[in-house]
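Structure first, then comments.
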Amino acid sequence: MSFGPHLFLALLEGTVAAFVLALTALGLSLVFGVMRVVNVAHGEFFMLGAVLAWAVSSLVPASPALGFLLALIASPLAVGAVALLADRLVLRRLHYAPEATIVATIGLLYILQQLVLTFYGPYARPVAAPISFRVQFPWFGYSGYKLVVIAAAAALLAATWYLLMRTRIGLVMRATQYDRETAQAFGIPVERVYSGIFALGAMLAAVAGVLIVPIQQAHYLMGLDPLLLSFITVIIGGLGSLRGTLVAAFVIGLSDGVISVFFSPTLAKIIATLFVALVLVFRPSGLFGSARA
Amino acid sequence: MRSGTGRALLLHLAVLAVLFGLQFVLPDYHHRSFARILVLASYAVGYNLLLGYTGLLSLGHAMLFAAGLYGAGLAVQHLAIDAASGFVLGILSGLALALVVGLVALRTSGVAFMIVTLMFSQAAFLTTLYFSAVTRGDEGFTLPAAARQYAIGDLFFDLTDPGTRYNLALLLFGACLMASFALVRSPMGRVLVAIRENEPRTVMLGYHTFRYKLLALAASGAISGAAGAAYALLFSYVGSTFASIQYSILPLLWVLLGGVGTTLGPLIGTLLMFYLIDTISGYTSAYLLVVGLALVLLVLLFPKGILGTVRAKAAPWLP
Amino acid sequence: MTLLATHGLVRHFGGVKAVDGVDFALDRGEIRAIIGPNGAGKTTLVGIICGRIEPSAGRIRFEERDITGLSAWRRVQRGIAYTFQITSVFAGLTCFDNLALAAQRGVHGHRALEKEVARLLGRVGLADSANSQAGVLPYGHQRLLEVALGLALKPKLLILDEPTQGLSDAEIDHFCALIREVAAEATVLLIEHNMAVVMELAQRITVMDNGRILAEGAPEEIRANAQVQEAYLGP
């Protein structure tokens, strides 16, 4: 394949990665934006989503489509429940103190990861795609399911945007983000909003995990890369800025996809990590963000 | 003399004496474990300097430990340098890296500092993988036994001998412990604690707090590098795992458990956690679950740690 | 003899001019009070002088040298000490450790440090509190500790930001006596709302309003000044 088609393939791969990253990073960004909490276990919610998807779909081995549909509903709900539990038992009790919360979520990361290791095992397991068709381009065939992922992710992003911008619940969430004290004075149950946001963030990551699992097998360590990429996305896009997060997700998803096809992924990651650290040092509100202190 | 210094000094010397005596009664397996624990506890002492005394929570100390590990290991392996020079090189590597990272990272604080140190450490970890031609990446390499002998005049040190290993590890730990004890009682130590308690006020008392934080990080880096170098030279294995996030989280855990901001806390935390993980590993490969649970429980219920609680409840003179 | 002089000091916060062109000068050895309604810019001005706030424009000279670019910690070392408006002692440390921190740069050896700290504690009347945790002291005592911290720095200029706020009458009397003593060794600049204290202590008063200096002079002049009365009481 010559360069042009190769690039096109890389862009397609990058687009899939970008949409999935957008979902995952959005979850992290919401949690940070509203609760001012950095959830280091966010990648594990992604991983749980994928692993539970495997578990659910293996209950209905005859019909991959049905299994996948069930997974798409059940898995995020279950992960949301886990997140709620973590919030109630741990984060709320710490009063969301920044440093203590990070340490606690690191603990949560290990707990979730190792529990999955114990019950699911160290092996990567595939999940059949609900639909398998190939789209035939002039230079290569491309998995139709990946295009479905793009469509589904786009739909979910739109739905989340609608939820946040056009519904009362979304208004309540944005009010709490903007000024917690005033929100409380207006009778908004801030603690419940926080629980809700934390669960929503986890569910977004879980859905991303479900969508990706037919493409990339479910494995107990699969949460670490999405975590790093989401971090990079949220920091570069600007802590607290949803628009910035989305823009950054596309930039990073696309470039990660393209770079990984042409260059060493390890080198790409090194550069990305250093870049993020430097952005955080020299431009603390990210490249686009307007973080409220 | 500062009140309580006599008692505290006696306590520290007693602990070292007990550790020295233990080598004659410990069965083989525990004898080897203790040597390891003492080196790792030195790493924890270095970490505590930054967290417990200066109040800076770093999530990237693995890169400093690894700087010492690889600094000594690569030099001995590829440049045929002797063990003692390798050790010094390891310390200098940790110190240098800490200074470079500190000049950039110390412009941030709190959560941002945690993330920045995490990112730098990740980059360092990935670098050990990227240059796997030299470092052998994940697989790592072992130092040949010949490299682990050292002679000064008539004295001959064989680092493969368990007795030598134990005593060198104890020497390292003792030096780090007493250095941290001295620092903590010194005027500089007082400034570090002040920075932890109320940095703006410390600035307004005429202290260039950035410089002090950098010094603390440099000292922490030197100690962590020394521990890493010792680990390579005494236990012969050098690998990427030691640069991974796990080795940044472990000292945090050891220090939290033993007591943040206490000189002896790191030893207790390392000792307990080592045996806890050791025991659990006998039953399952998911021993990191214990690490996770411990972190959550400590932060939620027991933030002062063991010696921290003892100090608060019964012994305010404990440094 | 001018100790401190500012030229055209300006500080914006967004659209607000907190300090709007201030030329302010202090003579060595005087006790000067800055008064003015809330929002007049007093704390901002003083913040710029001690280096905690950067000016948007203007220059400052201390002891004939330009210190505009000097960082706060360096100004402290040159002799400018600031005590915080909202008490900012090291609550978790003992009074001894608080003062030791402030005094140790000027004193060598542990015995000498102990003596110096004891002297400072005695001077402000906290001799019994050496080993008490600063955070559990009654409020008035914490304010005294703040002053002691300033004194420990052996300053040439001691800036006190609303030092008597929250103190009882007896504590205020004690405070005034202390300041009069201190003025023998250092120039004192205080921001105060308590008029009785101002009239009692100040040799000269500077009145600020809306980021500018409204009037400056001896206490009786200021008391009689119509503009000042208007600024405080309204037209």
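Order of writing sets the chain letters: A, B and C. Residues in each chain are counted from 1.
In this text, a residue touches a chain if its C-beta (ideal position, glycine included) is under 8 Å from a C-beta of that chain, and two chains touch if they have at least 3 such contacts.
What you see is a predicted model; the values in this text were computed from it and never measured.
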| item | value |
| --- | --- |
| Chain-level touch network, classified as line, ring, star, complete or other | line |
| Interface with the most contact pairs, given as the two chains involved | A-B |
| Central chain (distance from its CA mean to the mean of all protein CA atoms) | B |
| Centroid-based (C-alpha) most distant chain relative to subunit A | C |
| Whole-Å gap between the CA centroids of subunit A and subunit C | 52 |
| Between subunit A and subunit B, centroid-to-centroid distance (C-alpha), Å | 34 |
| Interchain centroid distance [CA atoms averaged], subunit B/subunit C, Å | 44 |
| List of subunit B residues in touch with subunit A within their complex | 57, 59, 104-105, 107-108, 110-112, 114-116, 119-120, 122-123, 126-127, 129-130, 249, 252, 256, 284-289, 291-297, 299-300, 303 |
| Partner subunit C, residues of subunit B touching it in the complex | 1-2, 187, 190-191, 193-194, 197-198, 200-209 |
| For the subunit C and subunit B complex, residues of the former touching the latter | 50, 52, 71-74, 76-77, 81-82, 84, 88-93, 97, 100-102, 104-105, 110, 149, 153 |
| Residue numbers on subunit A that touch subunit B, as the complex places them | 38, 90, 93-94, 98-100, 102-104, 106-115, 117-118, 122, 228, 231, 235, 264, 266-267, 269-270, 273-274, 276-278, 280-282, 284 |
